[in-house]
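One structure is given below, represented as structure tokens, and several questions about it will come after.
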């Protein structure tokens, strides 16, 4: 394990734990006996948004972990592609909070648009990381097959296209848009990578 | 130490430190000379909730540490069982805050119910982790005795049943419910595991 | 480096960085041209409290680091003594915030009392860690001289007594109390330990 | 990788992720259909400040990483120089927040002044780290050429002078001041160090 991985893992671990910090305890009519239970149920978008983003960061970390098992050295392009990915991850608590707050309002589409936007640097960050690993032999460990990296790279491209589609679909159906992003996370948690 | 452990440790360390962040400085009648001292004493549920959750996360981390000493590789089922456990841990600062806020109100039962709920993924996360370690020989280190893992697994099941009981008991006696959860933490901090 | 150290380092790193998070941007009369500068100067207790606590955590981390260089295994008493120390560290952002908020008010003594209180588990945590290291040969690395550990242990006891004194002195002179705690941090940052 | 690096990496990782936490979701006239989108666009200084500080911490981490590759042991002067650097990093979320809040107001100059101030301990922290590495042979790994360290040290001095200039320029043109700090980050992300 290199110091590079540790730093990235730190960012992933913090972002995933900060999600919980964004969940505010609800305010409600305290004279009502079951007020708290009701208030917690009513803020279901907060809980769904938290769960979704928790799962997404977990999958990003897992993919990052699997990719860096094949890498032995870090050059400048890899540093920047990785920076793009880390950037996306640090933004997730903010966008999650935005969706949680405005999902049950007339501003749902714009909140979901920002959430979809944040999936671009995730997708293209991984595309970039894979592209660098394919192009520079000094980055990957000896014995790593470029052919298999290319297959992974291709699937990552398709995922990124789906993310762009989820952005456009926001204006037609926000639920579908959220479904695509969540679906991509489920796919990559199960898919073979290398 | 693998990268997997480091990530989990990061989540545990952050969750335990964020507990302190949830403790807000009290507001009070500033014209009163001993107002601050009084206000700090009056918010004792905040301090008790903080201490309890601090101890619980410490014990979860310790148990996780002891279990992963026996593990050499991570497969998909282990990844998901571990994800369930991490999820529970990231939720603790939120539920702690909820209990701290509403323990001295008529909403105590519902707040405690949510706190008890959060103990389910802890218990079943560990049950899952142990089950995976027992079922897949490639996950555990050579020389690890399945028999002793089974004993640990059985005790974990019983603990999880106690957690379910603590959830039901909330409606009868919230203090008893809190006592069961805290008692389980004390038990596991002293119990032999492997 | 064992997994135990990593977890503690995580807690130290998070607590030290969260201090910065507690510094709120000031509110002020925005019609005044130099209002922001003035407001930042006026909240000097916030900055002093931040600097003091930053330095204190840095020194605690450094001492912990130096002690664990001599340790090869963790047993139960060491786990609990270490838990006490970690507890003190996670509380520091809260007490720092309290002092920062109430230092320039009539509640200064009580705020400082809480701040002094928090130094007890730091002192006695280290006393406990050293005591365990002295008592159990299986905890310390072979070749570690008990005699030199005893000298360190004695100095730690004296420091803890100073912390108790700082608590009592709060009622006479809060500045002196703060001076003792800061002085202890300066002493241990320069003192020979082993 | 030593425990010293891990602690520093923890601080860098937390500071970079906390930046995202400082981004508050905007408040706006909810009766307006595109209110949220507009509110997000209107708070562009928040997003620019976040991006700039994200990039700055990433570069600081990268430089720290490259320097500590040449170091084998930590002595007291190195500990304090490193402490100065860590201090600067933990302050960044606060100063970023300050700039984000007051960039579009008459208080821009003072907010930018504080932001420029924070670059001093970054510059002089690195100058100190390099100076210690040059002076004490027991700190650096065998085979590390002092001549090349000196070249790095000289460039770091020049950068620190630019930071001082950016502080003075705040009163003439805040944009230019921000440009210098960002330019230094871009320079060091691409520059050869050793």
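Going by the order they are written in, the chains are A, B, C and D; count residues from 1 in each one.
Note that in this section a contact is a pair of C-beta atoms (placed from the backbone, for glycine too) under 8 Å apart; a residue touches a chain by one contact, two chains touch by 3 or more.
Predicted model, so just to flag it, every value in this text is computed and none were measured.
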Check your understanding: Do subunit A and subunit B face each other with the same patch, meaning over half of the contact numbers show up on both, or with different patches?
Key -> different
Revision key, fill the gap. A CA-based fit of subunit A to subunit D gives a rotation angle in degrees, as a multiple of 5, equal to 90
Review point. What whole-number Å value describes the gap between the mean CA coordinates of subunit B and subunit C?
Key: 26
**Study point:** Separation of subunit B from subunit D, taking each centre as the mean of its C-alpha atoms, in whole Å
**Key:** 36
Point to revise | Multi-partner residues of subunit B (each touching 2 or more other chains) | key: 1, 6, 10, 14, 18, 21
**Study point:** List of subunit C residues in touch with subunit D within their complex
**Key:** 1, 5-6, 9-10, 12-14, 16-21, 23, 25, 30, 33-37, 40, 51, 54-55, 58, 61-62, 65, 68, 190
Practice item. Report the residues of subunit C in contact with subunit B in the complex, numbered from low to high. Key: 1-4, 6-7, 10-11, 14-15, 18, 21, 76, 79, 83, 86-87, 89-94, 97-98, 101-102, 105-107, 110-111, 113-114
